[in-house]
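Which chain is which? They are A, B, C and D, in the order written, and residues in each are numbered from 1.
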Amino acid sequence: MNIGIVARLDTEDAVRLADKIVEFLQEKKINLTIDCSLSLKLGKYKEISCELEDMDVDMIMAIGGDGTILRTQNFINGKKIPIFGINMGTVGFLTEIEPEDVFSALEEVLAGNYFIEKRMQLRVCHYQELPSALNEVVIMTRKPAKMLHIEISVDDESVEELRADGLIIATPSGSTAYAMSAGGPIVDPRVNAFIIVPICPFKLGARPFVVSNQSEIKVKLLRKGKKAMAVIDGQFEEEINYMDEVIFKKSDNYAFFIRLTKAFYKRVREKLTEGGISP
Amino acid sequence: MNIGIVARLDTEDAVRLADKIVEFLQEKKINLTIDCSLSLKLGKYKEISCELEDMDVDMIMAIGGDGTILRTQNFINGKKIPIFGINMGTVGFLTEIEPEDVFSALEEVLAGNYFIEKRMQLRVCHYQELPSALNEVVIMTRKPAKMLHIEISVDDESVEELRADGLIIATPSGSTAYAMSAGGPIVDPRVNAFIIVPICPFKLGARPFVVSNQSEIKVKLLRKGKKAMAVIDGQFEEEINYMDEVIFKKSDNYAFFIRLTKAFYKRVREKLTEGGISP
Amino acid sequence: MNIGIVARLDTEDAVRLADKIVEFLQEKKINLTIDCSLSLKLGKYKEISCELEDMDVDMIMAIGGDGTILRTQNFINGKKIPIFGINMGTVGFLTEIEPEDVFSALEEVLAGNYFIEKRMQLRVCHYQELPSALNEVVIMTRKPAKMLHIEISVDDESVEELRADGLIIATPSGSTAYAMSAGGPIVDPRVNAFIIVPICPFKLGARPFVVSNQSEIKVKLLRKGKKAMAVIDGQFEEEINYMDEVIFKKSDNYAFFIRLTKAFYKRVREKLTEGGISP
Amino acid sequence: MNIGIVARLDTEDAVRLADKIVEFLQEKKINLTIDCSLSLKLGKYKEISCELEDMDVDMIMAIGGDGTILRTQNFINGKKIPIFGINMGTVGFLTEIEPEDVFSALEEVLAGNYFIEKRMQLRVCHYQELPSALNEVVIMTRKPAKMLHIEISVDDESVEELRADGLIIATPSGSTAYAMSAGGPIVDPRVNAFIIVPICPFKLGARPFVVSNQSEIKVKLLRKGKKAMAVIDGQFEEEINYMDEVIFKKSDNYAFFIRLTKAFYKRVREKLTEGGISP
């Protein structure tokens, strides 16, 4: 077994925990591959370091927040490497365990007491294929508080035309992230659907839509002279021009996660009710 | 071909239109079967009348509102007879055409220019199997404005415990009916999911949930001494007692509808924005 | 000083606490007046008992939930007697203190360390004047899940016409009660306004309205043959017929409460976020 | 009588209409003062042109959208000059009449058949006093989709702490603008209150708050390293730093509008239901 190690580098705690995890796993004689930038930050493990996109491992431990997971998945997309997330962020919806449980959880994982959860992704095209989204694509203005004029269609049937700050096309994984903030429903990850949620629509009565993941969603910018951008999982930005179409479909690639327990709804209650603000 | 004819009987217009449709189809030498109570109301067609649940026909024309469709489907459930709905109600989300277009639409249907849309239903169990729901099951107090205390679980994972006026478990077909009024998302009929929407939850932050139609939803009444009822498609009522569980799954039976055009989102815009109130 | 004592009688705990409070106050030589039905339940204090509506006291201690407070206020309306509420209910938004703090709080009150909060009420007319509402008036169908067709106007300008399960006209005090469940905003008790919130409107885009308490609100039932009822503070019911108008204005009478601290927003966070369900 | 004339300059139609209005009024021998930039654009009326902030007139006609009105009010704030708005924008909530009715409406106004509506404004302080807001102040991130961590207090009582894209503090006039898009209630302009509406709060259960206009609202930025900006009526921007407080109170200055009819709720229905998109 070969485990890759990735961490967010902007908090000392995550870097230090990553170091301890490496030591713990090396003692157990597990083969490790360390993300280059983490190795550089630690000033160690250069001989077993590697670029994230080149990692050829059986599993990746990601020490960080949801952003770390989304970024990691983006680099390994298409490779079927499961991610085991340790929460060093404020929310940690995609991570599996809290830092205090990391070593007991690792024992479980090494003993094979885990299962792999498959999460659907969103394929995004704008002239050419863009990176897939595990959570969501947000279409928004480049300048805050300037409205877009958007037309949405599903399988070539027009759904709605609206003026709004932006639009979110989310997977069920994304239903507990930005789509939730914009007023969308909580969607169980097992549902084969996408969610369309307008951001601050200038209209009484705009509602979230849930559409099949077998459908093709098209979003078109109608307002002349307004530029927009599509932000994929908070990681990747693409500029969108007037009359451009952005097309969304189910991706052929899934994201894979190491899970120790099923607890989707428990997370919803614990992480979203009080705003998930860590003390 | 044998066409069954059903109508709502509480408005003169629907009864009169049903009569005209019968005459129109008889002139075309189509075999007809008339719902007993309609035949009685018209004082005609006794020789070709039959109880709705015994109808052995290729298609049923239902002249009325969504209530007429729901009632008809309830009687023929399990039989794969498609329904062709003529809107004589205030909303008519499940009906296919408006009364002014009935004869030209009938010509199209007789010429075979239609397709059949399949709609998923909800199987409901409370000690024993109850009638399936095409739109929704509403669990509510017997006395208005008295709150229920409800526990919801999905595949035996607890989702939420809440106090509310009631709870709606809806199919995608029901997402544009009562579930919409209670704040649920619009769900495309092609999505394989159910929607759980609390009615007036006494809590900041209760949200609609969308769950897979492969899941089993359990609803349990927690408040001692409070009786509730489950109302299926507005047609059938069942009393629910303290600590009772009501279980929801995908039904094996579908409802079938004659459609001339695909226009789900057009209906949403036209029928729900202004409240669908006919003049 | 003369203190009146009222309690909910359907829970042993409230009755027992009321008894202890009476003993505590008698030891302090405070003149007391006990609500007749409480005296009867306790089998004591007959010589100092009195009907609630006849109480001539400086303050009333109400041991119970929000229902107890609303019922008490209803009986003493117009009299300017402040209520000191001890929470023996599930929520207790209108009560001031929790039962464990009752004796220390009483010491404070007897020492004069309190202030009086004045709360606005809603005057309700339907042919004749009905009891005023401290929280809200709910207009709803007599049969659950049957929609009303309602017209709302403010100072004779038509606001909206809608079909809904019902309608809430609430004071700011009521904004944290049923109006909150139906989706209304949280309104600070110092705001001179009423809130109009539809219950499950059958329309995309019905929104809560906030109107001045100097305005006159008129609600008219448009649907023929449907009877409705107006429920005032969950205490009083009045039948409403087709084409009837119910008229709402600011009441000349206020409700008065003994307060030890200002904590409106703290209550909102504590009592409404988790649904206020006591363990 | 002396009438000032202002117009948006980015659409030909508004400029042309302004020219016609000037001719119409000159024929009636009305004294006019033309906004400098409009005079420049038209290449006429230089002798009667003047900077907007220096206009000493009895009334200003503003030909444009809500942005034109907000900008005009901003320049004349404190002067009690009523604005008469002609809608050449997409929504026109603050304008009084549509362009096709301009000349008949002018006849009415010249005949004195109008009344003046007074609208409350919001005073904004951030170290020093900033321009007042007629509609709203939006506090948001400088970079879209990055959350702020905000603490809100009213009269020094903490209301809520939340993470969100931003926060809107609006007057009743602003309740039909951006605050409506973010999910706020519709507030009648006669209500003496402000509305606090979070933009995409990352929390289940954040609700709009309505607070008295006698209260002082304080908003504090809690997240280290994040810069934000306050945007006043979409016209004026101010940078806000970590731990800065922005303070909101009722302004001593009102905005004044020429009105021919009372039609607040009619506007809500007509301009907001269909998104107010002009063809």
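Just a few scattered comments:
Throughout what follows, a residue touches a chain if its C-beta (ideal position, glycine included) is under 8 Å from a C-beta of that chain, and two chains touch if they have at least 3 such contacts.
Because the structure is predicted, anything quoted here is derived from the model rather than measured.
Of all residue numbers used where chain C meets chain D, over half belong to both copies. The two sides are thus made of the same residues.
When the C-beta contacts at A-D and at B-D are tallied, the pair with the greater total is A-D. The geometric centre of chain C is 37 Å away from that of chain D, both derived from CA atoms.
Chain A and chain D have Cα centroids lying 38 Å from one another. One simple way to say how far apart two chains are is to compare their mean CA positions; for chain B and chain D this gives 46 Å.
Residue numbers of chain C whose C-beta contacts span two or more other chains: 180, 203-205, 207, 272-274.
Taken together, the chain A residues at the contact with chain B in this complex read 154, 157-160, 172, 175, 180, 184-188, 190-193, 195, 205, 207-212, 214-215, 262-266, 269, 272-273. Chain A makes touch with chain C in their complex at residues 203-207, 273-274. Of all residues in chain B, those touching chain C in their complex are 90-91, 138, 140-142, 144-145, 149, 161-166, 178, 180-183, 199-205, 229, 231, 234, 268, 272-277.
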